[in-house]
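Chains: A, B, C and D, in written order; residue numbering restarts at 1 for each.
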Amino acid sequence: MLNFLNDYEYGCIPEIIDLMEKVNNQTFSPFGKDPYTKWAREIVQSKMPNTKVDIHFVYGGTLANLVMVRSALKSYESIIAVDTAHVTRGEAGAVEATGHKIVVIKSVDAKLTKKTIREAYLTQMAHPGHMTYPKAVFMSNATEYGTAYTRKEIEDIRAVCDEFGMYLIMDGIRLGSALMSNGVDYTLDDIARWCDMFVLGGTKYGALFGEAVCISNPELQTNFRFAMKQSGAIFEKGWLLGIQFVGLFKDDAFYKVAQHELEMADQLQKLLLELKYPLYIKSTTNQIFIYVTPEEREYLKKYVLFEDWEMNEYYIAIRFVTSWRTTLEEIQQLTVILKQAKQYKKN
Amino acid sequence: MLNFLNDYEYGCIPEIIDLMEKVNNQTFSPFGKDPYTKWAREIVQSKMPNTKVDIHFVYGGTLANLVMVRSALKSYESIIAVDTAHVTRGEAGAVEATGHKIVVIKSVDAKLTKKTIREAYLTQMAHPGHMTYPKAVFMSNATEYGTAYTRKEIEDIRAVCDEFGMYLIMDGIRLGSALMSNGVDYTLDDIARWCDMFVLGGTKYGALFGEAVCISNPELQTNFRFAMKQSGAIFEKGWLLGIQFVGLFKDDAFYKVAQHELEMADQLQKLLLELKYPLYIKSTTNQIFIYVTPEEREYLKKYVLFEDWEMNEYYIAIRFVTSWRTTLEEIQQLTVILKQAKQYKKN
Amino acid sequence: MLNFLNDYEYGCIPEIIDLMEKVNNQTFSPFGKDPYTKWAREIVQSKMPNTKVDIHFVYGGTLANLVMVRSALKSYESIIAVDTAHVTRGEAGAVEATGHKIVVIKSVDAKLTKKTIREAYLTQMAHPGHMTYPKAVFMSNATEYGTAYTRKEIEDIRAVCDEFGMYLIMDGIRLGSALMSNGVDYTLDDIARWCDMFVLGGTKYGALFGEAVCISNPELQTNFRFAMKQSGAIFEKGWLLGIQFVGLFKDDAFYKVAQHELEMADQLQKLLLELKYPLYIKSTTNQIFIYVTPEEREYLKKYVLFEDWEMNEYYIAIRFVTSWRTTLEEIQQLTVILKQAKQYKKN
Amino acid sequence: MLNFLNDYEYGCIPEIIDLMEKVNNQTFSPFGKDPYTKWAREIVQSKMPNTKVDIHFVYGGTLANLVMVRSALKSYESIIAVDTAHVTRGEAGAVEATGHKIVVIKSVDAKLTKKTIREAYLTQMAHPGHMTYPKAVFMSNATEYGTAYTRKEIEDIRAVCDEFGMYLIMDGIRLGSALMSNGVDYTLDDIARWCDMFVLGGTKYGALFGEAVCISNPELQTNFRFAMKQSGAIFEKGWLLGIQFVGLFKDDAFYKVAQHELEMADQLQKLLLELKYPLYIKSTTNQIFIYVTPEEREYLKKYVLFEDWEMNEYYIAIRFVTSWRTTLEEIQQLTVILKQAKQYKKN
């Protein structure tokens, strides 16, 4: 069975499993006070030479997001996010469970825009004290629909944040895909400058687990570990998280994996267009979305794992994701199956 | 200056202020263990002869809403409500501050429908454990846009609740207006039967303050006062709340006030139609909404207090509210001003 | 039946009920934007000429306390309070419900001391990030056991707060009793200077309801109303709260009531000593605590309402509270009964 | 440098690292829907043949504890725990951050007793609705001070829980040490029967990470994964957690490690007694506590890593912990150093 279901269904890249074996008999201080965590911080920081960031490693994405929100906001403050954001609809109310409202706005290509942010802010503040105080813009980059923000878009959003005194927080669980995306000309260094706080995701790029919370804004750096502990987010054997990021960044495996995922996805999207499968959305990252007929879907289900993205009375949209383990051979096999699906007639 | 701004800008009806004076020199057990609270409970219960309800008095609406949600839900459960609901956009994130998400759905005439509830529920439960568990439908009746639910609509919603094991909770801060609304054929007794828990509002009908939380569902009756105390919602001199509801219900002042507000509003809406002011929404309660031109608005502002309901680049909608103190004379005066506004030309 | 149960079992002083009647037919802006609220703020501020405070009126004490904590603290911050504090054991977990821990320390005469605060702070910070970050000292003055802090004690506590960067928050639900207490030489003006934020209670001094939250620290003044609304603490007919404090402060009824309560209590405490009732604690405010035998208690129960403060296998302690309605005649009657109780033999 | 600092400063046992390598190139369904998680559940369940438990794997202890509390309790309910419990003083307010109070009682040998639980419950319920509703007893076994509960003690506590309708929840992060403790005659099967919900810890027994939450009470089994997701506690590559518990339980490594830690600790405690070091508390698990003089401490610091447990003006208590990697040789070396420390004179 071909597998295009997700990018977190595999173990880790060799660099990481090798390190884990190597150090398994060693002794380390717990809670992240070990040399690997230190080293990981230094390498990640070196990718952002112009901004001093505090870096904390957390095992997973939802936990990283909720700790960021909890640590940055006062009780009556809210975040602004789009309806399609993971934080809005994929985290079982984790943000609300910390007591904060998500002011939800309708996305354009799964993105926030300066216009929609501005409107959301002004609406909340039209009757100060009756609604929440929007204190942070919370954006996913890459988005959950495979798009990546352009430099111009992020700069515009940063400008709105500055205008209204809001933080810019980025869920970068697939930030690697955004950075490698065609047409994207910014780097991690730009991200660190634009955002007050962001997640640099490891899990989707060949780590076993682990996301790095990077905090650029000094006023958000204070006491972050209290918020982590309060949320159960301090890893006992913290060096394991350090090792993930040493493995990802010491020889740029992170970028190579992201690049590989993107090339595979790019190939796939081109082939899909040639095969006349209509795109649900134009992706520039490692998640590809197409419309299929019920027959096509039925045929594909026999040979390929993929996610049903949206199914309703009008259409079916499905998603393919490429991972660090996806090969060109698999793309070719998928192409054959997709071709056959076009001919398939349901009995 | 004529005042059509709101229905809570006045003191209380004579029945209540007289009682307050009368008992001011008496001594009472605090925290609601007094004869007036007991009496108030009995009279309110008598309006719902077929359903045994627990009744608790709370000083205000937002507090009543948040206590209901907090007491009824487990941490991971959410409520379903419309975008226009007070609980969604007028309470500064009070529900989220108790840790619960509001699953927001787009309203039709400020109402929930069985269709939109069903969709919202199924979407949340499509990937169980990734989204919240919707455990209650939270509806305002009358709505914030002056509409009232019909018997059929509520019965349909109750049926969806039963199908999915959800509670039906009603924010009845203006329930009096709904009950007196033209075309509404249900009573408080029906409400008690349909809802698991609801607010019966006093403030908008001539009380100084106070809303009654009525709990029909025995499993929600247990320990409600713990949730109240935890929220700071136990009134020390509780008899004052009892007195409000004795005053409202012992000779049906509640219904008379609601009826009066409705008649005044009805008159006003008819006159507005005669004057060719387009309705923003067809109201059947004491809140009336029309579109006005910038010139009309400017003229009205000189002589009348009202609320700007929605102002954008396309149109202006304003709201008039009638209260227990509104007189026919005031309606007539407003009519004259509205006529003049039509002729007004900005210099 | 004589009533020494509490100081909130009566209506309000004449100054207030008269005002309420007088304005009942008037129209006011809701939510505290009315002339009475403005006036009340001005009079209360005039009692603290040397410190500019923001003043917000809330209907009750638990709600005032939880809003203060929620508005002042970040998620991982805690408050330090004694085991006997109302906030610790009389509010059903209201502080914890806002997500904050109370670091509880054993009281000395129901008071915090600089020594116990210092120890509590240092313990929490011994392993930074494993325990909470204590950000506020939360003290009741007068205490729940009838004692009042001296100038020296508060100045010492303020010094510890300054040393560790903590706020000083005061639950002054019975602040009037502290201010009038024998041996207390400070004023409301000192309180405003010492505390970052405090409650000035009205309910116990002849108001129908209402406590004033006074905020001296400018960094805590910002956005306080958001925290209020989020907690359901914005009164719709806000002028009613304004009226309470106008009534209490325009001719110093507040101080007179507090003084009267104190004199009555003082008389009572002296008589109790003469009658050889052992004091449970030496009170300097309007709450008096004595030990009684089971027989004495049984006799007293027949003629007097009072609270059983502590009952265990070793002793019984009971509490008498004087109120603005307590008369000298009642004290004399109580004395007689207390004398008889000494002679009473259980059959 | 000898290391007796903790039992979580090492990698994992060979059984686990081998499995991790073996499966690193395989593909798995995420979120715990993989064969290793299934297998792990089956083996763990097989240790509790008489009680059907739901088993969920969480990466760490604080997170496990907060998810248990959040999922089991309604908003106004509290847990009863001792002052020395990790949940009380080592988790940065994680329980309170879920909105629940910990009713703290003074421990006897770091333990709860039926007497102290009963008192705590009755005190909270003396004025129902003014304090919290204690709904769960939360006990650590083994305790944080190296003691383990006896069968009798747990049965007594269970009886109090039954009497008052409370859940019994166990933080078993070091449950292995309790089960292997001298004098303990109960098994995991008994624990499952006594507790409504408990943590079976893996990290302290040679896992890289991971604790199992076991739920015996069917009414607490429902929807637990919602509470997990809401807390960021669903591991993406869930098979890694499964592997930890397969490694620990398929050939009983868990019990062997626990047994080994205990034997090492037992040896050490005996030697300490021979050397006349006074015990701070009599331990029956893998944590050993002694009093030392400042000179002894100073000397030990040069050669051994250990934790300063309590330091005050009266005494110094320190802790040694044995781990799965501790050898008899290390115990012997430590003995020599401890002997030398006795002779050491500070210059």
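FYI, a residue touches a chain if its C-beta (ideal position, glycine included) is under 8 Å from a C-beta of that chain, and two chains touch if they have at least 3 such contacts.
Please read these numbers as outputs of a predicted model, since none were measured by experiment.
Counting hops only between chains that touch, chain A reaches chain C in a minimum of 1. Greatest centre-to-centre distance from chain D is found for B, with centres as Cα means.
Here C-D and B-C were compared by C-beta pairs in contact; the pair with more is B-C. In this assembly, the C-alpha centroid of chain C lies 42 Å from the C-alpha centroid of chain D.
Between chain B and chain D the centroid-to-centroid distance comes to 50 Å (mean Cα coordinates, whole Å). Chain C has its Cα centroid 34 Å from the Cα centroid of chain B. Annotation for chain A: residues 70, 75-76, 91-93, 97-99, 129-130, 132, 226, 229-230, 234 touch two or more other chains. Interface residues of chain C facing chain A in the complex, by the touch rule stated above, are 70-71, 73-77, 98-99, 128-130, 132-133, 223, 225-230, 234.
On the chain A side of its complex with chain D, the touching residues are 3, 6, 8-12, 17, 20-21, 23-30, 59-67, 70, 91-94, 97-98, 203, 208-209, 226, 229-237, 240, 325.
Against chain D, the residues of chain C that register as touching in their complex are 75-76, 78, 89-93, 96-101, 104, 129-132.
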